[in-house]
Amino acid sequence: MIKAGIIGATGYAGNEIVRLLLGHKDVEVAWYGSRSYIDQKYADVYQNFFKLVDAKCMDDNMEALADEVDVIFTATPQGLCASLINEGILSKAKVIDLSADFRIKDVKKYEKWYGIEHKAPQFIDEAVYGLCEINREEIKKARLIANPGCYPTCSTLSIYPLIKEGLIDPSTIIIDAKSGTSGAGRGAKVANLFCEVNENIKAYGVATHRHTPEIEDQLGYACGKEVLINFTPHLIPMNRGILVTAYASLAKDVSYEEVKAVYDKYYENETFVRVLDKDVCPQTKCVEGSNYVDVNFKIDPRTHRVIMMGAMDNLVKGAAGQAVQNMNLMFGFKEAEGLLQVPMCP
Amino acid sequence: MIKAGIIGATGYAGNEIVRLLLGHKDVEVAWYGSRSYIDQKYADVYQNFFKLVDAKCMDDNMEALADEVDVIFTATPQGLCASLINEGILSKAKVIDLSADFRIKDVKKYEKWYGIEHKAPQFIDEAVYGLCEINREEIKKARLIANPGCYPTCSTLSIYPLIKEGLIDPSTIIIDAKSGTSGAGRGAKVANLFCEVNENIKAYGVATHRHTPEIEDQLGYACGKEVLINFTPHLIPMNRGILVTAYASLAKDVSYEEVKAVYDKYYENETFVRVLDKDVCPQTKCVEGSNYVDVNFKIDPRTHRVIMMGAMDNLVKGAAGQAVQNMNLMFGFKEAEGLLQVPMCP
Amino acid sequence: MIKAGIIGATGYAGNEIVRLLLGHKDVEVAWYGSRSYIDQKYADVYQNFFKLVDAKCMDDNMEALADEVDVIFTATPQGLCASLINEGILSKAKVIDLSADFRIKDVKKYEKWYGIEHKAPQFIDEAVYGLCEINREEIKKARLIANPGCYPTCSTLSIYPLIKEGLIDPSTIIIDAKSGTSGAGRGAKVANLFCEVNENIKAYGVATHRHTPEIEDQLGYACGKEVLINFTPHLIPMNRGILVTAYASLAKDVSYEEVKAVYDKYYENETFVRVLDKDVCPQTKCVEGSNYVDVNFKIDPRTHRVIMMGAMDNLVKGAAGQAVQNMNLMFGFKEAEGLLQVPMCP
Amino acid sequence: MIKAGIIGATGYAGNEIVRLLLGHKDVEVAWYGSRSYIDQKYADVYQNFFKLVDAKCMDDNMEALADEVDVIFTATPQGLCASLINEGILSKAKVIDLSADFRIKDVKKYEKWYGIEHKAPQFIDEAVYGLCEINREEIKKARLIANPGCYPTCSTLSIYPLIKEGLIDPSTIIIDAKSGTSGAGRGAKVANLFCEVNENIKAYGVATHRHTPEIEDQLGYACGKEVLINFTPHLIPMNRGILVTAYASLAKDVSYEEVKAVYDKYYENETFVRVLDKDVCPQTKCVEGSNYVDVNFKIDPRTHRVIMMGAMDNLVKGAAGQAVQNMNLMFGFKEAEGLLQVPMCP
């Protein structure tokens, strides 16, 4: 039984880590960090935990925390983890950072897209990008995990087999993504009020969204050269779920069976990636509350393009679930421990 | 490890039984009965079960089923269970009926409110009303369970301590209930289309809803005399959740502490009933996906009434969860086995 | 053609006044007051008005405004109108206050329920409660209108005929109300975020909501004696709409036809109150975007109670529409001018 | 004052024609055709019209109808209009067909994509594609209008200026579209039940949707050569609204100002197309209930692509509103008569 601490426990991702760890047999949450709610009962902030969590919220003192726990999750805004972390902390506890601070290897690129100075560039090299299905072995040995962004997780897993195997032209990739509103966080903003989101859909961050370079990096590693993409996220009137619809030109003529075989090659033995049957489209509802990513594809012979689709729960595989999956790998637990919730439908 | 069969496995309640039993360590689902989808893969009907359930849908032959399984869940329209059941079946398998067929002891009352003839009145006496928190000992010994309706479960648990202890006047009870749309089932009806339900609220079955006599019976047993109530359900644009707001005149002057003590007397040791802190209102979101019922009350000294509130997930504690809880009691499993999902929020 | 000014034009009610007045042939909006958005283009705050409104937001200087316009709408938080108004303003412009400041005649009661000091008690007597169907003649002569609250409008209109005619016992009235989220305003609060409201329902302000005394006053005027009620509002995951479900014991035996005749007596000639056909329940969707209130009732012979129901759009008849209807009466325009939008469904 | 008849008046599009015509000063609805609801009161099917429409539903006898009215709207499934229409009808009444029967000039293409035989190919040439902003003069002289599909309207208007002016490479166009559920019609299907759509998003008709050839035709006319596109629609949990996000490679280097000038060239004088300010994304909520289409674009210098976006109400500009706009042109009414509803927000 290890102990975990969460910095940012009262955000939606932090709250989801708590939900998952309550059902994890090898971990106990020992620190509910939340600068905004210090000394308030955690279950008063999240009423769903009434009688299930008795603890009060603590501050975000990462030094103190490292003395108390084995693993620290930072579910915090960009820049905070980088500003708190140091060698002393890493020597005492493993850190899984759900922010973008250590996802991008090129610090200049990070600083340009995020508009802030990176406070701990010395740890960027060491940090392992925690996309478990792709970097499993490195994750097992890591002290510091850069937990992938929600859009990059779904996008990369949807496209990876085809770009890795050279079946698509990397210069033609367009990713049109749709996300539920929990991805926008729990901050009190007019734009995220019920009446502003309900019965509405819009794109945002068009051609400028910060997850763009992260996706480009991962796709670039897969195909061995620099990739530039178009990435357009949209805000959808639902709580949870990300759907990615990605387009690319085929690099050569391929049949359904050939493409299916490529997906199977990479995902057949993966617990959490499900390649759906022919012509079945991924739906966010069918993975809700679970760590699964459902992917599928459709070849359009008229345009010689392939449409790649992926659906997942942005708070689980897109954040907390993947963080727990990383933790499981780092501590030698079963990879799926605490993560086998069946998707809830309806 | 016992075997379970489900008749009506492709309805929303049946599907939820499958979800819960997949996480239950003592039970295996051996029969997915669905007259409408015979020979189709169950996971093709409910895509959330892709790669998790391989079975195909079977017919609803209860005789054959009783030879194969230890427990049969009937999640079917009114009348079907009564038309299929017989002594032979009950001698081989325990039956948990999620329909109303065996909930009302007075067959005339059943036939009047449901407008159908009862086909198996000889089993009404034997059937145990499966409200676990109230009838636990009888349930343990039962062969046939009448699994309570969703509204009756939430209404009865919200009101029970006060009517049992004589704190409210039974002739003044008014129950205003609100339900998510999954309660209307998966039948293809215009009235339940997305565009008809979304951005809308209405009452239905005003003064005539079939759950009325079921609630009246349970409240009547609690206070030892006949009770007549007003019960008004409303359809809410959400998938899951029931909220009950009940009103009654106080039988005598009582303080908050006295009433709280009465709720605690009945529910303090109950896993699945949570009496919230003072002035905190139950919210359906805070029990979503779980077997919990959150209850609370407010005394209005101006009108000498008490407002009693309860929130639960209509598909879990209001249907499948309670059915599994009954099964656990009947087979001597831990009562909460397979039912400790943490409510999912948001 | 008269000129109108709006203080609080960027709230949801203010925005709805703008929408309605754009279609009104006798009025021009000359002042978009919004302390929070001074000097910003109004259409930048509400993108629906792009190319339809060119004006910028102004401050809330009521003195200056009174020199410029014929009618001032104050769609502002409690207390603001009372703190700004004076005889000079009222001598120059008519004022329609959408806040609660002048709704309650007993200043002590106002101060107790609202927890603030009333800054202009000298105008309370003069103010006319702007429930057009009931106070039409007084409204025509008024300088200052207390525009009714959303819940009080729907509650009073649903119950008025029966309490006025002595058919129900005033001491037994219970009002269970449900409102879309626009009623909570456009302030950035965590509780009103999409993810907190969606897939959720809860009661709030139980036994303490500020609309309680306003409803009690109106019902009291109707029956000629003091009335105490229970009023419980609920927050519903939809943008617009209020549904009231009200319960009362019948004062004597009456038939459906007798009660229907009483509703018709009061509403037959009213443009905006529609008494639905027998057994048809009011639905908020069927009045959305319009100034209509749909009402109906059901007698329960078992309990000798009557259930009274009303549905309306909280932003139209519950706020902006009624304000415009009041303005029409005050200026001698056709009462329905600018208010004949057909409800939008779906 | 002309008379209008509607075949398919009880579908969502037919119902929306009724809503719009009730506010139109030059037209009276004289025939509510609905095979499914013959002899039932129209307001019993759509409760929003209670007291506003007294008529009963009629059959869909187009011959009889043509003797009674000046214009016939057919808001019916594919194939029905073509099977009913003849020269006699067209000599007596103008016909505006909201189905796809006369949208595609190549009858073989129509039959291939729609999988049915065309019953009236002799009228295809005569029919005018009723996209008012592009074919205004032809529409004025037409007897038979092929009212455009919802996706084609929004897609074509979003892309038209750039493809017409040769600024984009037609072979690179990808259209990712998102629609509210009213686009799926009012048929009772499990897939459109509230619980199946709410909290869910999925693509459908990937690479096979029937609106693909219609969009390709219109874009082809604009650029003077055959165009093949990828078109992927998605189902969104909201009632109304379509958002189009379209991608294309720029044919040459252009600045924001140059592209903006091209949009303005085509739409500056159009009442119903609004080119938003720089960096403002179209939102469906901001056109809800109105005939407006909001469009905008973003140049991505990294990928040399342009992202074109359009938002509209699928039932108004995407169906009934455009049909009324066509009628206005055909009968010499003001083009915007009956269509100046202000978008409703929230």
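The letters A, B, C and D name the chains in turn, as written, and every chain counts its residues from 1.
As a working rule, a residue touches a chain if its C-beta (ideal position, glycine included) is under 8 Å from a C-beta of that chain, and two chains touch if they have at least 3 such contacts.
Keep in mind it's a predicted model, so treat the numbers as computed, not measured.
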Does C-D or A-D have more contacting C-beta pairs? A-D
Which chain's mean C-alpha position is the greatest distance from chain A's? C
Could you work out the angle of the rotation that brings the CA atoms of chain A onto the matching CA atoms of chain C, rounded to the nearest 5 degrees? 180
Averaging only over C-alpha atoms, locate the centres of chain A and chain C and give their separation in whole Å. 45
I'd like to verify one number: the distance from the centre of chain A to the centre of chain D, where each centre is the average of its C-alpha atoms, in whole angstrom. 38
Separation of the C-alpha centres, chain C versus chain D, in whole Å, is 36
Where chain A touches two or more other chains, by residue: 12, 182, 195-196, 198-199, 237-240, 283, 285, 288, 346
Per the touch rule, the chain A residues reaching chain C in their complex are 12, 181-182, 186, 188-190, 192-199, 237-239
In the complex formed with chain D, which residues of chain A make contact? 174, 176, 178, 180, 195-196, 198-204, 206-207, 228-230, 232, 234, 236-241, 243, 245, 247, 281-285, 288, 298-300, 302-303, 305, 307, 309, 311, 346
Footprint of chain B on chain A - complex, ascending: 12, 15, 19, 22-23, 44, 46-52, 182, 199, 239-240, 274, 276-277, 280, 283, 285-290, 294, 340-346
